[in-house]
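First chain written, first letter: the chains are A, B, C, D, E and F, and each begins at residue 1.
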Amino acid sequence: MAELRASQIESIVVSALEEDLGQGDVTTEALIPSDLEAKASILIKADGVLAGIEVAEIVFHQVDSSLRFEKLAQDGMRVLPGDTIAVVYGKAASILKAERVALNFLQHLSGIATATAEYAGAVSGTRARILDTRKTTPGLRLLEKYAVRMGGGQNHRYNLGDGVLIKDNHLAVLRGGGVGLGEAVKKARENAPLDLRIEVEVETVEQVREALDAGADIILLDNMTTTDMHHVVELVKGRTLTEASGGITLDNVRAVAETGVDFISIGALTHSAKALDISLGLEFD
Amino acid sequence: MAELRASQIESIVVSALEEDLGQGDVTTEALIPSDLEAKASILIKADGVLAGIEVAEIVFHQVDSSLRFEKLAQDGMRVLPGDTIAVVYGKAASILKAERVALNFLQHLSGIATATAEYAGAVSGTRARILDTRKTTPGLRLLEKYAVRMGGGQNHRYNLGDGVLIKDNHLAVLRGGGVGLGEAVKKARENAPLDLRIEVEVETVEQVREALDAGADIILLDNMTTTDMHHVVELVKGRTLTEASGGITLDNVRAVAETGVDFISIGALTHSAKALDISLGLEFD
Amino acid sequence: MAELRASQIESIVVSALEEDLGQGDVTTEALIPSDLEAKASILIKADGVLAGIEVAEIVFHQVDSSLRFEKLAQDGMRVLPGDTIAVVYGKAASILKAERVALNFLQHLSGIATATAEYAGAVSGTRARILDTRKTTPGLRLLEKYAVRMGGGQNHRYNLGDGVLIKDNHLAVLRGGGVGLGEAVKKARENAPLDLRIEVEVETVEQVREALDAGADIILLDNMTTTDMHHVVELVKGRTLTEASGGITLDNVRAVAETGVDFISIGALTHSAKALDISLGLEFD
Amino acid sequence: MAELRASQIESIVVSALEEDLGQGDVTTEALIPSDLEAKASILIKADGVLAGIEVAEIVFHQVDSSLRFEKLAQDGMRVLPGDTIAVVYGKAASILKAERVALNFLQHLSGIATATAEYAGAVSGTRARILDTRKTTPGLRLLEKYAVRMGGGQNHRYNLGDGVLIKDNHLAVLRGGGVGLGEAVKKARENAPLDLRIEVEVETVEQVREALDAGADIILLDNMTTTDMHHVVELVKGRTLTEASGGITLDNVRAVAETGVDFISIGALTHSAKALDISLGLEFD
Amino acid sequence: MAELRASQIESIVVSALEEDLGQGDVTTEALIPSDLEAKASILIKADGVLAGIEVAEIVFHQVDSSLRFEKLAQDGMRVLPGDTIAVVYGKAASILKAERVALNFLQHLSGIATATAEYAGAVSGTRARILDTRKTTPGLRLLEKYAVRMGGGQNHRYNLGDGVLIKDNHLAVLRGGGVGLGEAVKKARENAPLDLRIEVEVETVEQVREALDAGADIILLDNMTTTDMHHVVELVKGRTLTEASGGITLDNVRAVAETGVDFISIGALTHSAKALDISLGLEFD
Amino acid sequence: MAELRASQIESIVVSALEEDLGQGDVTTEALIPSDLEAKASILIKADGVLAGIEVAEIVFHQVDSSLRFEKLAQDGMRVLPGDTIAVVYGKAASILKAERVALNFLQHLSGIATATAEYAGAVSGTRARILDTRKTTPGLRLLEKYAVRMGGGQNHRYNLGDGVLIKDNHLAVLRGGGVGLGEAVKKARENAPLDLRIEVEVETVEQVREALDAGADIILLDNMTTTDMHHVVELVKGRTLTEASGGITLDNVRAVAETGVDFISIGALTHSAKALDISLGLEFD
């Protein structure tokens, strides 16, 4: 899976800075002499996993390419309160203009990486891998999926164009037209781009059989009991991949993983992760 | 404060759809006849306050302007599990393409409105009003600040260009150069755009006095004890506005409000709100 | 596979019009009264398959939304010299401004559809389907792949992000590092996005065995003799899909198809198709 | 006529790369270690004239500015099968990502330069110069007109805004309103921008006289016999420029040139040129 | 010469509105009920020629498409203090948001049209026509050249790409390399796009002869005395067009025109025109 | 107040160059050898204050980053006829392409700075400061407000979003709904963003009292006599800021300033300033 592509991040960063700068930082311009030098430390204030340090670096350099950004940590590392993850040297005015946007990215992405790492830790030792979903914040999918990888998760399809997933709503509509699950899977094999696997969402063991017979490549088990998941894993015997989804929490994720499913996908990784507390302290240099 | 401006939302919606559609919805295109009609209900699955229904409407219309979107609720309304907030009629394929993006906006914004409403409810009856901060998700500030208003909060400055706020980091750098808080406030009065009020962050009652003497318009009390806030409110006697900030939780927000401060600002409203659970059910029409 | 998405075409059309209009059509503006009405016929001047009529319609409407565009043919239809495929009514000046860009799209896309139809016709009755490649004209891939479909072909992956294809150059580099074809296929299965099938390019029957053992989903037979292709098809026995590529011409394509391969991919469909001769005749209405 | 302007090419290159990269090169990312170095040779596989080597260089540098691109040939040079026109050193992954887009530009533009050179060669020794038309591929006019120059052709007007050309369709509409060719030429002289010459399309010798009398600067002879062209050239005696157009092929172009016309314009240079066969070979470095 | 193209104006208008609206009209939003209806009159407060009324209309409709804009005057008309040129009906809030931008366009463009009309009036009855230059306000050339036409002037080349004008600085550099004026004109005839006339700037009658001999199409007389201009006009005898330029004022323009030159170009039309005083009066409807 | 932000200027410069270059500088390309070196001097031809030299530098570097631009003067400096403010060394062709756009910016901005300096000089020794307005040229507000600062003026609000100013048209509409000036000021205090001061436009001394009572922060005196302004200044006694506006000329500005108002705002600074005469002389180097 791709590392972050600089050009795409830059355009996100530029937009974020425009959003935050407006007509310019009136406070800093009124107060801080433009040639005043300072040193800033970026400090961790809670346990977590870091993500976004290179984004933060781009933020500072986008504001002022003469700032020196010293990374003291890498994305994907565990961090603790009191850790200094980077030091920035240069014009105080530039650091002040970049501060909030850099922290907003760092806190949001590290929050996602931290949540992912909690789930990944909870299933360690099982075959299950933690997957994200398309339940991401509009405009930030690229970065959020990157943060999931930094937390030890794996990415599901990026968008509707690069993965076939026949969901309950597809099946509901097709059923109304007299088309069943198996037939849907076959139709997808025939019509979908030849480079893509076929995944289908099921709710019962019976549907799993139908999906297998129709040649599905991946089966998504939606809101199934762990007992049923066990049955499914035995039934499938590795002929397809299996993915559990729906109602997964830190409390039940290990039990789900122990059923033997290949993947567990969790929307909350990206839509409800708490920001990791990170701050910037500035001092006269 | 401005209502949402359609042209700005449209460009955010278009980007979000491009992000989610990629080369097109290969599953739907492989399976769903392009003229098949369906009906979709958007369902609330948790207690909360709604925000984003018009954004969702724009999403559906952007995908297919022939879809009929019937709003059954308004932004700012309280919603309960089981509530149907909108029904969409039209091409099943179009609804399926719009579904995820529409829900991503609705869940994120309603999550923020819901969190804001909890804080606003906790301080009801006091003079304090709940404010947001610049700790927003990059690219979504406009919508997130709208969601705060829908939850009963009020917006602080939109960006660095439309409000003067002398923060601890400004003061730290100035102090290094021998410039104190009072002098900073005076300098800001002189140099900042004439249309803007001057707000300054303080940590001690002593600093409040300095800010008052220097003619600050608003004083931000950072991480102060409620006892100190009481002192400050008495000291200020309405000559300036006061804003409490730092470490505010649902547990302590009422106590803070009861000190008599004018505003309480809370970053978590926008950076750590949990998505409100909302889903879309499709049926053959 | 997706039909054309209007918003994407519109931006291509707008760019093409800007490219062709520059500071405005100085000839037409100097000569043609702005309220003069005319009727234009779009005429086929060579045998072929039509593609791009809706793009042409968008061109005319983009220049002047009051033009009436009457389609007399559909994309994908066979056309003959003398056929009128559309009639446009409205301001003469608008028609003259749109003429060249509309024809440029029509001629280029119909040229591709026509070339594709020749290959598709040549293999009719066999199981082989004609595929395009990524050898498209920069900026026009969406439209060119659409034209291939209109000519009866099928699309291979749209870009590097939505299909895994291990090519000779990947293998050459990996071989230098001591990694063989089978190992590469396994590595791809493990690391590539879970939604994608794994395709690998081979040159010998021996490599086909290696690919099969490693679990490839599709095998690309590069520049193989038809004798070898026969062997491969028997060897594979439907366990994977097979695709022939390299040096395919109208003269040899049927022989290739008769080996039993599933797909035949041809770069010339998009990089060397001759424009179909189409013109516009204007008359005073 | 302008050499290529870097900023314009860069935006075309960036679009082409976005079109081809999508969410990233999943194959290369799954297989090729990101620090693996390689050497690539760009090889000619057919006789032709080179065009686009600087565009290719921009492609590689856009993907990875650390790649070293050694040009071994210049645009406008004749090339033969087996010629290596450039060598690229650097990260294998970067070269693989850039390969297809670089080749697509090179093959397309060299195809146009090659076709142009064939026509230019066929008329060498005559006064006639080969011109292109506005029958270009949407979005690539700048590059295609550059390729025509590289092949030894000359450019006609870039777009509708920088040349006056009264065509058959203008005349047809004007005729309907009772305005003849001579009157049209005069009207154009009066109304068109003062910096532009007036060119008019004619089909008969009689019309040539009318155009001459009305003061046309250039006369376009549309689909005229070479006998008629002879008459025209004698009639005009250098008072205006003459341009032959319509139905020109490699078989008849010399005969047309020998009539003494100043220019011969050929749409097929840009709308139907065959791509020149060029490939990239990668090796472990 | 082209009338205004709506799509180009719209993008200029959208930018201007974004520039003026920022985060929204905070005054109007704080005070004016969003459903309050009003009527606005646009009033002329000085003698002049109107230009920009359609731009103003686009401004109002861009802010709120439900506003009704009644034009009571046309661009190019003379206006007097007290004239109401348009009335706008609809939401007061929308009118207030559009007011300043609409007036800024109207005042600026009418200022240019008014200045142009003064010069055009001063030369009426002579053969001379008033031309603009490239000395326009960055970003507004299209509109400013339109305003010149509305004032009765004619446009010189739009930009460096659609007219050949050999200026003093070209000649100075060429002279350094031993190339004279006549040679420069010949070189331009040979190398410049075939659709363009060749204009050359001269300072002496001697240079006029050189230009004539070399086949220039237009001769620009820079800062020449009217006596010399007389000589030139007699010398040229209509074989080329002549254009006077440099130091033209309302006081001397008639004398220049009476020398018989074809054109007089004046930079001040666009770079120093005084805004025409125009205001908007709002009333409760 | 912010210095110029490079990224914003660059996009304005790029647009201006695109506007002026079109398909390229056909004259220079036809005549000037691409490797010819030259030296250009930028010369002042009238008394004034310089503004825009850094914009000019960006123009030259945008056209050709290898040009050497030596600044011999700074924005804000007084300049005299004959002063050379910069020398440019490098490719003659590049200098010729950049010349007009660089001069257009310099002349326009220096014109504004010069006009501002005249007004600022006229009030020197008084407490009054010269302010600009929103009556700027669409698209150039950022630069024009910068030029005002260079001329010794101060900026009023940048746009409708960063300052509250209750104008006559607001009051007219509110009056229709029965809301008076005092009530409007109070409503604004309550509803407008908390970071902004409240300014209100008045025409009579009576209204000043109403504004004071309602707690206005700034009072705009529209078209008041100097006698009335005197009264107002005495009445206000520094409790609010005062701003005079309307009908200000160089003849009366000192009298206005001597009334003791804090600010005098003048639309003509930006909408009617005469361009400062500046030229570029090129010589063979």
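Structure notes:
To be clear about the criterion, contacts are C-beta pairs under 8 Å (C-beta built on N, C-alpha and C of every residue); 3 or more make two chains touch, one makes a residue touch a chain.
Here the structure is a predicted model, which means the values were calculated and not measured.
Path length between chain B and chain E in the touching-chain graph (shortest route): 1. Among the remaining chains, the Cα-based centre furthest from that of chain B is the centre of D.
Centroid to centroid, with C-alpha atoms defining each point, chain B and chain D lie 54 Å apart. For the pair chain A and chain D, the distance between mean C-alpha positions equals 46 Å. In whole angstrom, the spacing between the mean C-alpha positions of chain A and chain B is 22. With touch defined as above, residues shared between interfaces to two or more other chains in chain B number as follows: 1, 22-26, 29, 158-159, 161-165, 191, 193, 196. Shown here, the protein chains touch in all possible pairs. The residues of chain B lying in touch with chain C in their complex are 14, 22-26, 29, 34. Those residues of chain B lying in contact with chain E across their complex are 1-3, 5, 158-159, 161-162.
By the touch criterion given at the top, residues 22-23 of chain F touch chain C in their complex. Across the interface of their complex, chain E is touched by residues 1, 131, 154-158, 161-165, 191, 193-197, 199, 217-218, 241, 263 of chain D.
Residue ranges of chain D in contact with chain C, taken from their complex: 12-13, 15-16, 19-33, 36, 38, 40, 92, 96-97, 99-101, 103-105, 107-108, 111, 134-142, 158-167, 169-170, 172-177, 184, 187-188, 190-193, 196, 267-268, 271-272, 274-275, 280-285.
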